[in-house]
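Report on one structure; see the data block that follows.
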C-alpha cells in the first residue's frame, strides 16, 4: 500500500520527467537498481528525497536543480549528469546550467568545475541542445 | 590605474550592496584585509571573482547566490554567512535561502545542512527578517 | 497527528537517551532549535533519520554509532561530540570509541583523527569516563 | 630482516585473508604494486597500517572493517570494494555491510551512499553472497 | 585582441611546455575543449590561472607544481596526471614527485596517496623516467 | 626502550624546532596531549609520521612543509597554523608561504585559500615577520 508521502514523491518525480512520460533522468530507477541488496531504498528515495524534500515549497524546480548541481560540483560526486538532464527537463536553459558551473570556479576551483563542465557538455551533445549564440 | 575588469568588478559589487551603499556583505573588504601579506589579492577578487565570473551572463544574481551557498554547504566552509547576507541584498526571500539549504539534505547529509541552517538563522535574526507564515 | 514513522523515530530516540530519560545527546533538540526557520525539519529528523534509517535492522546501535562517528571523522564536520555521547549511552566503551578514531588514522590522516580524538577526550572528561588501564 | 612490527602486521594481514590463505582482498599487494616508485611503501603499509593500527586493541576486526568502510563512503574514495571483501572475510554479514552504508545516508547524503552500495552489490555478486530474506 | 594578462599567461604556459614547444601537459587545451559551451573559459584559464596566479612571484615553478599536486591529492580530484607531467617538464625529479605524495600519507591517509601514486607511476612509465637507485 | 625509528623521529623533530631547542611548533606535544585516551598515539606520531615519513629522502624540509600546507588548505583542516610556524623554523620565507597559498586559489577556490591566508597572517604577526617589500 502506497503511503501519502510515496504518492507525493511519485507526483514530484513526474515533474522531473519528459511530457511523454519518458524517464530520461533515471531518478525513478535509483531504488529499483538496488532491490536485491536494499529493498527499502526505493521507499526512502521516493518518500524522503522526493515526497518530503523535493516537494518542499520555498524554491522552484529550476532552482532546486541548480542547487543540487552546485552541491555535487563542490563534492566532486559523479551523479552530475543525471541532474543536468533533470535541469533540461524542468526547463533550465543550457546557458543557465553552464552559468551555474562557471560561477562556481572561484568557490571550488577549476578542477571540480571543469569536471562538471565536461559532463554537462556530454549531456548537451546527447540531448542535441546548445548554449545561445549572440 | 583601474583596469576595465576592475571597474566591471566594482560595478558588480555595487549590486551586492545595500541601496544606500552600505557594504553589509563585506565582499569589498576581502582583499583589503590582506593588504600586508598579499597586496595583489584585492585585484584578483575584484577583477576575476567579480569582474569576470560574477559579471558573467547566464544566471541572475539571485541564482548566483543560491548556487554559491549550495557549494559552500557541500564544502562545509565557514563563509556561508556572508553569502546569506548577499542573498538578502539581491532580493532572495528567507524562504528561498532556507529552501535551498533544506533541499540539500539528501545530497550532503543533515550535519552540513544543519550547520548552514544555523548560520542562516543567525543572519536572519541579525537582519530582522523571517520566513513567511501561511 | 503523529505518523507511524514519527512514533517509530521517537521510540528509537529513546534508545539513544539515558535510562532516566535525560536527553543528554541533544538529538531530540535538533529540529526544535530550527522551528522558526524550518518548522518541518523536526519531522524529517525524527521520521527519516530516526524512524526510517536509525530504526533499520542490519547493524545494532553500537555499530550505528561507530559508523556515524567514522563518517563524521572523515568529513571533518563538528557534530562528533553529540555522537560520542550517544555512543556512551548505547553502551560503547571509551576504548571502542578511541579504537574507532585511532583505526581511521591510515585512512583519513592524523589531522582529522586528532580533531576527533580531542572532542572524544572532552566528552569523556565531562562524562567522567576513561579508557581501561591494563 | 623483518622487524617485530612487520611480523605483527603480516600476522594481522593473515586474519584478513581466507582460511585457505587466498589473498582475496589484495591488501598484501598494495605495497608490492609500487616497488618501482616507492620501494619503502610496503614497509609502511605492513608495519604501520597493519602492525601498529590494525593490530590495536579496542575494537574487533568486524568493527574495524565497518569503521573503514564508513570513512571511505564519506570521503568518496574508490577503495571501498577491497574493504567490502575484507568484511566478508572477517565474518561480516552482507546485511551488516549494507546496514552500515544505508545508515550513513542521513550523514553523507544519497549520492555517496549509492556509489558505495553499487560497489558492495558488485562484490556480493562476485562472491556469491546475498542479504538475508525474511 | 590579446590583453596584457593573456600574453603573460601564454608566456607562463610556455614554461610548462617542452623545449621543442610540444604541449605535453595539455594545459593549453583546457579552454579550447569547452569552446562550444563556455567560449570565455579559455580567457579565464590563460589570464587568471596562468597570467595572474601562476605568474606570481614568491615560489618557483617546481614549488608551484608540488603545491598543486599536494592540493589535488588531498581533494582526490582526477587531474593529477596532467600536473605530474608538468612537474617533469619544469625539472622536478621523479623522486621529488614521489617524495611529495609519500609525504602526504600522514595528512590525507593511504587511500588518496595510493591513488595519486598510481597516476604518477603511469606517467613515469609513459615518459620513460624512473626514481633514482642508490 | 626507544626504537630506532623513534630516535629517528625525534631527530627529525629537532630539525623542526628553533636553534635554541624551543618547541614552537607544538609537534612534540601532539602525542603527549592524548596520553590519557590514546597512550600509544605519541609512538605513532614520532615513529611513523616523523621517523618514517618526514625523514624520507626525495624532498627537503622546506618542500615538505609547503606540501603539507597545500594539502591542509585543500582539506580545510584547522592545523595549518602549526605548519606555517614549522615553515618559518625550517627557513621558508613568508613570501613562499603566501606564494603557496595564493597559488592554490585556482585549484581549491577563494574560500579555503582565504581561510589559510588569515591563519598565516596571524602567525606572521605573532612571529614578527613579514613579506618582502619591493
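First chain written, first letter: the chains are A, B, C, D, E and F, and each begins at residue 1.
One rule holds for everything that comes next: contacts are C-beta pairs under 8 Å (C-beta built on N, C-alpha and C of every residue); 3 or more make two chains touch, one makes a residue touch a chain.
Owing to the predicted nature of the structure, the values given are computational and were not obtained by experimental measurement.
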- Common touching chains of chain E and chain D: A, B, C, F
- Between chain C and chain F, the fewest touch steps amount to 1
- Message: With touch defined as above, tell me whether chain A and chain F contact each other through largely the same residue numbers, more than half shared, or through different ones.
- Response: same
- Pair joined by more contacting C-beta pairs (B-C or B-D): B-C
- Task: Sort the other chains by how far their Cα centres are from that of chain D and give me the top one.
- Result: B
- Message: Counting only Cα atoms for the centres, state how far chain B is from chain F in Å.
- Response: 32
- Computed distance of Cα centres, chain E from chain C, in Å: 41
- Note on the structure: CA centroids of chain E and chain F: separation to the nearest Å works out as 23
- Note on the structure: Multi-chain contacts in chain E, i.e. residues touching at least two other chains, fall at 40, 44, 48-49, 53, 56, 72, 75-76, 98, 102, 105-108, 110-111
- Query: Which part of chain B faces chain F closely enough to touch in the complex?
  - Reply: 30, 33-34, 36-38, 40-41, 44-45, 49, 72, 75-79
- Task: Enumerate the contact residues on chain A facing chain F in the complex.
- Result: 105-111
- Query: Considering the complex alone, what residue numbers of chain C touch chain A?
  - Reply: 40, 43-44, 48, 52-53, 56
- Using the touch rule from the top, collect the residues of chain C that touch chain F in their complex. 76, 94, 98, 102, 105, 110-112, 114-115, 117-118, 120-121, 124, 130-131
- Message: Under the definition above, what is the set of chain B residues touching chain A in their complex?
- Response: 48-49, 53-54, 56-59, 63-64, 66-68, 70-75, 95-96, 98-100, 102-108
